[in-house]
Amino acid sequence: MELWYTEKHTDSVKFSIQVDRQLYSGQSEFQRIDVFDSKEFGRFLTLDGYMMLTEKDEFIYHEMMVHVPMAVHPAVKRVLIIGGGDGGAIRELVRYPTVEHIDLVEIDELVVEVCKKHLPQTACCFNDPRVHLHFEDGLRYIRHCEDEYDLIIVDSTDPFGPGEGLFTKEFYGNCYKALKADGIMVNQHESAFYADDAIAMQRAHKRIVQSFLISKVYQAHIPTYPSGHWLFGFASKKYHPTADLNGVKWNALGLKTRYYNTRLHAGCFALPNYVEEMLRDAE
Amino acid sequence: MELWYTEKHTDSVKFSIQVDRQLYSGQSEFQRIDVFDSKEFGRFLTLDGYMMLTEKDEFIYHEMMVHVPMAVHPAVKRVLIIGGGDGGAIRELVRYPTVEHIDLVEIDELVVEVCKKHLPQTACCFNDPRVHLHFEDGLRYIRHCEDEYDLIIVDSTDPFGPGEGLFTKEFYGNCYKALKADGIMVNQHESAFYADDAIAMQRAHKRIVQSFLISKVYQAHIPTYPSGHWLFGFASKKYHPTADLNGVKWNALGLKTRYYNTRLHAGCFALPNYVEEMLRDAE
Amino acid sequence: MELWYTEKHTDSVKFSIQVDRQLYSGQSEFQRIDVFDSKEFGRFLTLDGYMMLTEKDEFIYHEMMVHVPMAVHPAVKRVLIIGGGDGGAIRELVRYPTVEHIDLVEIDELVVEVCKKHLPQTACCFNDPRVHLHFEDGLRYIRHCEDEYDLIIVDSTDPFGPGEGLFTKEFYGNCYKALKADGIMVNQHESAFYADDAIAMQRAHKRIVQSFLISKVYQAHIPTYPSGHWLFGFASKKYHPTADLNGVKWNALGLKTRYYNTRLHAGCFALPNYVEEMLRDAE
Amino acid sequence: MELWYTEKHTDSVKFSIQVDRQLYSGQSEFQRIDVFDSKEFGRFLTLDGYMMLTEKDEFIYHEMMVHVPMAVHPAVKRVLIIGGGDGGAIRELVRYPTVEHIDLVEIDELVVEVCKKHLPQTACCFNDPRVHLHFEDGLRYIRHCEDEYDLIIVDSTDPFGPGEGLFTKEFYGNCYKALKADGIMVNQHESAFYADDAIAMQRAHKRIVQSFLISKVYQAHIPTYPSGHWLFGFASKKYHPTADLNGVKWNALGLKTRYYNTRLHAGCFALPNYVEEMLRDAE
């Protein structure tokens, strides 16, 4: 069956995955949701036609989003996840016994339902007693939070459509306020190679820098995202992402990971010059 | 004009670039050579239909292939490049005044001619008096070299077709022999994400390990190569790629680079766990 | 959503339809069955990945398969359809009050079920009391028929996979035997433009000519079939497809059609020279 | 080499041909001109990215454009071709010894040059002494012609870009004026299957009907044109396209053709009902 899902990385660059069959297609109040089966990437989820995750490489994204801040902050107890309805960030978080409370604020309840049914690999841990689901707009939710979280994970879609508000100055400011005095925020930070993505990335960085004293960017190799070179933001009131890494302690936890390790933790903050320059230009 | 060049990264994954027009198409004794113009990646070269380089991201490959060993070895004077007919590795090498002699052994003279005409961005420095071109089989050339080079750069195509011999045990053994007592060999080392590529990568690693005491792998983000996560091999008789990095000295050279920097030098050897495991399995 | 169904018309020609969503995917004992929704062609059915019919242009195929013989034969009472599990040929046939009995022999019961559910436009008339379904191999069914039918419609898939037997000399010979003394057989006859299709077409023609005295080929414009130029066979023991056309009688029936008309009936047997030559070569 | 030329037949239907290599790409004052080599269709020409002709199926278009009117009109001596810079219509016309004078009015001289060099199969007969080339706007040229031609062939591109004016009421009116009292005009008439094409087709038909008493449409199977079902207009002051066909005389000429024949001549004016209705709606 010659059935291909294509994502246009730019107007003139296409990344295409042969689909074995479509498992789900639905329209929520917020977006179109589709799930496909493929030979190369296993099951994958798209929102409004954009690739969100695949069974084969989602571990990279979710490990890098969760373990980087967890290996820096000495005692994360309360976590807020904005977005993340696929459950991947939760899956990594609940592996830490010291985490006591996780609020997940996902605007679209249907995403969670669809992932529970079709993507059990990520949506495996919503039943953990520490997890509390809130189906509402993250932008609104965060306005009323103050000094509450050790860690905020902004696991958003791209900066248009439902995810747009999660890239605003107001939102980052409210995240700052919602964090405790030594809190950390990580966010999916788009990419730097293609021109339009780079502009969105610079804009996000500029706005985060305005709120947070410590604001660094790290990278991972994610084959199904545009250019394969994906960025994350690490913003903090107190901790430095590499100077305050406690590798010995993290390794003592004995968590088995497939991408993340503490050597790579330091390495992933060493960005190419052209990315460093873009970030400096935005600051 | 809807004209698209497609590279199949696997049987069920395609990466496609819209082409503005084709500038050259020819058949040498060894392979088919094509040059295209594209909006997103500028001019690009394919050999036997496989993407070799694009104007937009070749700097990543060539900087990582050259500056990593050059920042480790204290005094590179004589360099051998196997392959590399596009001239990109030469361009980076001739920036070092201490380099005295560069032998480039390219099996296909037509590649050099085509690149000189159509890819002046990389093929800019063949006229440097230190550069000596040898149009012959690298596998054969190296058999007669002994204790001659400080640095060997294996800038090969993929391990099939004309490039096949450059991934054999015999070849790596001859590289060892051709190097001086403190020589370094770097090689393009394929990638680890897609299954077939990973097998080729493991096979190459296994063979290098058999010849070299120090054999490490490093990575870069190259958007137009399969998965975007490309690997390089660093094999050495004496120097360790990060412990022996002399960052202060390299930075004092004042070379302007767009990807490489000495912070990233250390980071790029910190591989994801799943890649580390593949390498261990191969050793 | 950039989701495209592609049919390779040859190794180097692709016809692609953007899919809105997939409605069904299943595997029967005989073949894979898929149903899709598309903007341009509405709903469409594929078997083993090959395009069978679309809502938008199936009327052409089914009208041309049924009304051509029905406008020639003076009194069709008993009809045998081999294949045709989508119900399109039945839909056209049951419009004739003089037809008394229709046997439909479809090897794959799941095709009928899927079409009833997802393609009601064609699968609308299986409940007509004159229709008798037989879920078995047409090749075997016809062996035991003799002097029984006025009209046989061979509504097969392509000559490989489940449809292969319906292009054999034995099968056409049995059709001849199953027909009454003035019976007509029509069959889907592949196409003539692309080389591989032309070979299959010539082979079918050669075999039919060996059984039937009168054996002509007619054509229609079907946009979703390879080359858009599709052929049908008209084989008969007695009637000539144009000389024996009774246009006045057919028009008096008052059947509303969107493609077929009696002027076109004569025209569709006037083939291009290159097709005529291929047929002569095969005879 | 995975290099594919794609024509979008609609926003959601693509027809793609694998290209072996590009032979020419240039920009004239009027349009972009490209020539490609392909395995399936041989050499082909595109203007502004739209498929104009391929070596493999251009015979259909050119035979149907020329021989249909030539088999009707009893004595064509002076012919005007508007467009047709590829030379295909000329090639068919110069086979008639009775033709005395051919004016070809092509707006873009570069088209003729490129075809002479790269498409000798069509551009073979510009040197015939009866052929007179005029590189100017057909719309303007025809304004000053009166009672001059036996046959006008409007071999235009699609009704946008340089070809736009050749679909106007003014243009058809001037063609009428330029024809002798028993003159015939044929024109490429777009197609009826896809909605946008059908609108253009209806508009052209409406305008022709306003000028010509006899205005009929005929069809051919052209695999590389959208839907494969292409239409031509036959407009005349005196002759009816089928009633006045002199088949005996045409066949006596002994012209060898690959698509056209006089049986098919009658058949090609028998249109499907849905096309007939569109034409009636437009009249």
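Every chain is named by a letter (A, B, C and D) in the order it is written, and numbering of its residues begins at 1.
Basically, a residue touches a chain if its C-beta (ideal position, glycine included) is under 8 Å from a C-beta of that chain, and two chains touch if they have at least 3 such contacts.
All figures in this text were calculated on a predicted structure; none of them were measured in a lab.
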Per the touch definition, the chains contacting both subunit B and subunit C are A, D
For subunit B paired with subunit D, centre-to-centre distance based on mean C-alpha positions, whole Å = 53
Whole-angstrom distance, CA centroid of subunit A to CA centroid of subunit D, is 57
Distance from the CA centroid of subunit A to that of subunit B, rounded to the nearest Å?
-> 33
Can you list the subunit D residues in contact with two or more other chains?
-> 4, 14
Would you identify the shape of the chain contact graph, picking one of line, ring, star, complete or other?
-> ring
Per the touch criterion, the pairs are A-B, A-C, B-D, C-D
Once bound in the complex, which stretches of subunit A touch subunit C?
-> 1-8, 14, 19, 21-22, 25, 32, 34, 46, 49
What residues on subunit C touch subunit D, complex-wise?
-> 4, 10-18, 38-41, 57, 60, 193-194, 219, 221, 223, 227-229, 257-261, 263-274, 276
